[in-house]
Amino acid sequence: MLYREAGDFKTSYSLDNQTFPLKLDRIVFYLTLAVAFLVVPLVINDYWASAILVPFLIYAIAAIGLNILTGYCGQVSLGTGGFMAVGAYACYKLMTAFPDVSILLHIVGAGFVTMVVCTVFGLPSLRIKGFYLAVATLAAQFFLVWLFNKVPWFYNNNASGQISAPERTVFGVPLTGPNTEAWAMYLVCLTFCVASAFIARNLTRGSLGRRWMAIRDMDIAAEIIGVNPLTAKLSAFALSGFFVGISGALFFSVYLGAAEVGESFGIDKSFLVLFMIIIGGLGSIFGCFAGAAFLVVLPVVLKFIGVDILGWAPDLVAHLRLVIVGGLIMFFLIKEPHGLAQLWRVMKEKLRLWPFPH
Amino acid sequence: MVVKDPSLGGSLETLPALVARNARVLGKSSAYREKEFGIWQRWTWAEAHAEIQAAAGGLLELGLNEGDKVAIIGRNRPSLYWSVVAVQLCGAVPVPLYQDAVPEELAYVLDHCGARFVIAGDQEQVDKVLEIQEETPQVTYVVYADGRGMRKYDHAALCSFEDLQGKGRAAESRQASRFAEIASNQNYDSTCVILYTSGTTGKPKGVVLSNRNIIETSKNATEFDSLGPGEDVLAYLPMGWVGDFIFSIGEAIYQGFCVNCPESADTMRSDLREIGPTYFFAPPRFFETLLTDVMIRMEDAGRVKRWLFQHFMAVARRAGPDILDGKEVPGMDRFKYRLGEFLVYGPLKNTLGFTQVRVGYTAGEAIGPEIFEFYRSLGINLKQLYGQTEASVFITNQTDTDVRADTVGVPIPGVELKIADNGEVLYRSPGVFVEYFNNPESTASTKDADGWVSTGDAGFMDKESGQLRIIDRAKDVGKLADGRMFAPKYVENKLKFFPNILEVVVFGNGKHECTAFLNIDLQAVGNWAERNNVAYASYQELAGHPRVIEIMSEHVAEVNASVAQDEMLSGCQIHRFIVLHKQLDADDGELTRTQKVRRAVIADKYSDLIEALYDGSSEISTETEVTYEDGRKGSISARLAVNNAVVSDARVREASAA
Amino acid sequence: MMNAVADTQASSVGYTTADGRDIGEVILDLRNITLRFGGVEAIKDISFDIQEGEIRAIIGPNGAGKSSMLNVISGFYVPQEGEVWFRGKPRPPLKPYQVAQQGIARTFQNIALFEGMSVLDNVMTGRLGKMRRGILAQALWVGPARKEEVHNREAVERIIDFLEIQAIRKTPVSRLPYGLKKRVELARALAAEPNLLLLDEPMAGMNVEEKEDMSRFILDVNDEFGTTIALIEHDMGVVMDLSDRVVVMDYGRKIGDGTPDVVRNDQVVIDAYLGVSHD
Amino acid sequence: MPASLLYGVEVLINGLMAGVLYALVALGFVLIYKASGIFNYAQGVMALFAAMTLSGIMEGDIPFSHLINAMFGTQLHSFGWNVPAIAAILLTVVVMALLAWLVQRLVFRHLVGQEPIILFMATIGLAYFLEGIGDLMWGSEIRTLDLALPQGASLAIENATAVLGGDDFYGFFIDKLDVVATMVAAILVAALIAFSQYTKYGRAMRAVADDHQAALSVGISLNFIWVLVWTLAGIVALVAGIMWGAKSGVQFSLSLIALKALPVLMLGGFTSIPGAIVGGLIIGMGEQLFEYTIGGPFLGGATENWFAYMLALVVLIFRPQGLFGERIIERV
């Protein structure tokens, strides 16, 4: 209904496979970006930052990472929590080891460290398939958590066994530490998030993305038409690790400030991110954002309704949340295996064909 | 790159000269687009000019002489459009042909115009040309645009368009003078193109059109509708047809439109949507099928959508045309129409590809008023024009502010009209063709000494609108006993616009009043019967059913009322009619294979019925021979009611409620 | 049968076909291939060669080991005995993707398209072997990566045009009818610009005109691109029209080899075929 | 015999006992996987849920009381009676059967023919759902489960075995509960095997496992079979829940033993009951032994958190089909 496509035709291939082929979509996209970068920082407050926006952005990055691996390359991983932990601890070690290097570099560095670790744990995927692999990745999850617990070197031997981010500034603006302001927190996460989405989109639409999807859809055929499964799968693990690592680093350094591996990066993190991409939509960048938004906002809304309005006990509401999330997972797998992203696509199609039904 | 074109300095009297001008003036803007390999390949005027030059160079190299004829046959593609101009650039005459021509027709035309070269679209066309080599020995060389599947062909007298251009580019330097010389021999009155009219009777005639014809007409027509550079046209109609030559070549080059060629015939609709032309022509049939398509698709829509659609289409029918004509419209309707524009019309136009259409034409045959109104009411500026090959298309055209379904508009600038006393429409204009190629007698019989051309159509100037109104083929128009005009086709068309009526034959030539045979449309009437649970066992029974006859009488009365409105035709009202017990059928020789009625045959075969129509009897039993699908012959007998129709009084206008 | 085999040896150097195409020397030579699954022998000591530019058919009743043969050629199965000679050199045991990179593309008996992608993307995967841009270039979508993408898209669009599937370019393959899927799969294989094309029952389950189209395309491919083609087919008639030389297999053995005529009149072959019912 | 070695043996035996419980849970997995190809991640949560339900019923709590109170401001908590263990167990079985029916009816019937990985994710969703429901029904505080099962060290065994070692060895320390558990497990397995061997439905189950079509052709409703196996899995879960609950209280950690069961299956293969048991024992003993010999002394302990997975991982790398699974031949 809103679209006016007549005359919006493509005269070159780069125009033809741009991310938003429709003019209207492009406009909306750029407007959103503008608002996110220019307006929100001015109006944001601590509550919105720490309750919704910052976690949303960080989880979105993690979801992008996992979606590359699971949604695009078809390799299910239950180790996301562990890999986020790697990002977090790598970031911590870097921050404390090189205090005068920019925190931003540390975060990216953490991404690269995680990349390596993730690739190593990806090696079994060459022989193990399906949920055999999924279970195998649990090894990563538990081993890594255990490792960061047991080896004092990772938390610089401090008594609490916790890691806590010292204050680091960029252009004099603190990005980590207790007196980080909401807008700074938000902006740094937003920047990383947008960059990640941009990179992920480019990778998934190019030849690498096709290699991944070929492996996902039919690995044997893929190999026979010339896709090297080794490089394809490992590259997926590597890049997935990179993004997950970055999200882990941000989660710890910018968002939490202090973290204890067991509770911050436990198995349930792995599931949370997995749910995000299932609900959001496997194999869709948009889905990562949709899923992250959904699962970040849902608890907040429930808490608001349950606790603040109805005045129920928080634990009761927490249980309700479990029920709802679990139910939704099953619902989506049954009704719309391609998640919110698919719903979105369908809606768009309808708008384009309006007033015709098909 | 571009060969210096001597005519640049001089006046712009040829299409090549105009192309050169465009290359200079509109160099950067789009001249041609073709959907190929998934995207719209694009050529600016500068590039197009270069392409044309190269092709022309190639043709010279192959030994094309001034005055030679070059046949061009294939689907609409830039390379073929360039070929047209390239040929002219060589001082030769392009002869665009219908791509669906069968070998025999092709052989006749090639032989008649004596084409030495053929520029063909693809293997299919080349094969046709090769197939008739014997009959057409003068064809010395064939060029093809798409070489698919022809690698193994003998390329002695065959080459691809690219190779042709290659030859040209290679020879560029030494040809400059030659081109200059040729250009200097060309003037406003030298031949621009020969177009073969698929004559309904006899062999096709080659209509010779001069540069003057094409350019003047293009000028007048485009100025009439204030069309200028930057218009987008979709080139999808056969290149052999004069309309395409005017819209996609004459006007396009004169004004600098962009000509867009679809990827293939079956992607035309989606390509139309992508391009969204600003200037669009289609025959009535196209708009008709499109409308049916829309209605069918809306059938499956949800209740809400359907309601929205019906509601706002009602609004559109009420207010749309007037808003489009810039007439006064009540504020409420104006508002509702805006809303509708957002909710229905806009999206609809978008999905159909008409969002950007500023001027749309339909012509060729009568278009159903409700179909016409539908598009008008959406805010699409669809207009009717009247023309023919001999006039380089345009004779009359409708102004944006005064568009009607039943007229064809006023003469465009430079066109003079007069109505012969037998009702035939005559015209004279700068677009009037030079001659029929190698056919002086036809030329003489069509065009008189001082340039008046007879259209062969009967018509008159509508009093209130001052627009021309076409009634019928002149030869079919007769007189009633009392001398009033008798135009059967005119009335028949009016009746056939009712979905319930499939075929009509009106009689009355030389009689004192008009009568008619009607054929019901089994589908439409059948549906009606189902909805109103009217039981019937056979076509015959349904056709004879009193309630069906009732409906028919209503339709006839309605038509009579509207016919009564113009005193010239008021005599053509139908006084008595019979609903036939069998469908008029080509197998019985009652229709031509193209579904046109054969009056003589019918009049003779059903003489008894006609008699009954005029002798006042109220019933008649008859015996008719029929041929079944399997060819067996049989006969059916029936008692048919002869019905009197409500006839409106010609003088009382109020009676005409429609 | 003996003369049939003799016929092959004779033609192991270039020859000219009835319709005047010049066939080059041997491109792929299978020598005494034997393949076992556990106890069962799928292929028993089979030898035959494929020559540059020819259309080579492998026929035989169900379970004759035809598909296994293709799988050996494309490196998916490793034979226990025998050698595969490619372009005059014995081929070391390679991974399937390495074989593909040597210029051997194929289609599959029961379609193996990537259901999650559009037709265009599927065909593009055929060119993955040719796309070498690094991760970084792709990540930032900078010049080289973009150029490479466009360049390969151009090549692919020509194939799409060639096989007349423009209209479904952007359709997800999962929505396509069977016949079209087969065609898309052929497109994917062609996109790799192979010098040896393996077709596993390209016309299985097609109706008559679909078969005709497919035959036309196969011939056009061989004609336009000079691609060497080895195809498995059930439909005797089709094979006889299409192919220059035919290998006949039965129960994992080669029971005939030679021009269609030779094979058609070979008693052993006739018996084998009369013995079983195909289709 | 040196004491250290004997202590090692003791560790081994205790590991064996733990392994029994792993096996018990794994058994549930196998049942469902064999019949429906569903890899039921929720098995552990089912054990938790079963245990909670059992104790809830025994103590006469009102289900969903928290929710109801929250919604209607009532003060419901308990019916005020206690249900005898046997009755409670039977009731719980009914509840599990009901649950099985619902799960089949509402979820997996709509997922027939989906890829295994999708089914797996669905069961993860189910796990969350059940956990939430369990908490809503019975509250989330740790419950005790008292079925008067023998607890504490078995002196008999201790004394009997004391003679084995020197003065510094006081015999094996073994918890009675573990012994009971082992026996119960043994009985359960025997029962299951008997069931699948000698009853109509048991045979039906096996038929389904082998070939759905065949099963249909002999006129068995797949749906029924699936409900049946889910119920059996529920019962197995209940038993596991009882044992584990009695040992360390009914709490969330219980559902984590499900995760432990995964590697057990990796080793044992998804389809063989004996495999599950052997796998369970290997894991159980393996992780205890590893902790005792290497983990504790050199790695700072708590290695049992990951040992099982690592072991499975390593095994899988060399035998992708697991220890007992049959080799997969890939075709195109």
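General remarks:
Order as written gives the chain letters A, B, C and D; numbering starts at 1 within each chain.
Here, a contact is a pair of C-beta atoms (placed from the backbone, for glycine too) under 8 Å apart; a residue touches a chain by one contact, two chains touch by 3 or more.
The shown structure was predicted, so the numbers you read here are calculated from the model rather than taken from an experiment.
The set of chains touching subunit A and also touching subunit B is given as C. Centroid analysis (C-alpha atoms only) places B farthest from subunit D. Looking at which of A-D and B-C shares more C-beta pairs in contact, the answer is the pair A-D. Here the CA centre of subunit A is 33 Å from the CA centre of subunit D.
Computed centre separation for the pair subunit B/subunit D is 80 angstrom, with centres defined by C-alpha atoms. If you average the CA atoms of subunit C and of subunit D, the two centres end up 51 Å from each other. One finds 50 Å separating the Cα centroids of subunit B and subunit C. Along subunit C, residues 76, 108, 112, 153-154 each make contact with two or more other chains.
Subunit A has residues 12-13, 220-221, 224 in contact with two or more other chains. Across the assembly, subunit B contributes residues 38 that each touch 2 or more other chains. If you check the complex, the residues on subunit A that touch subunit B are 1, 3-13, 15-16, 352-358.
In the complex of the two chains, the subunit B residues touching subunit A come out as 33, 38-42, 232, 273-276, 294, 297-298, 300-302, 305, 308-309, 342-344, 346-351, 353-356. Chain contact summary for the complex, subunit C toward subunit A: residues 74-76, 95-97, 99-101, 105-106, 108, 112-117, 121, 124-129, 131, 133, 135, 138-141, 145-146, 148-150, 152-154, 188-189, 192. Of all residues in subunit A, only 12-14, 17, 199, 202-203, 206-208, 210-211, 213-214, 216-218, 220-229, 235, 239, 283 touch subunit C in the complex they form.
Against subunit A, in their complex, subunit D makes its touches with residues 39, 66-67, 70, 107, 110-111, 114, 116-118, 120-122, 124-133, 135-136, 140, 259, 262-263, 265-266, 299-303, 305-306, 309-310, 312-313, 316-317, 320, 322, 330, 332.
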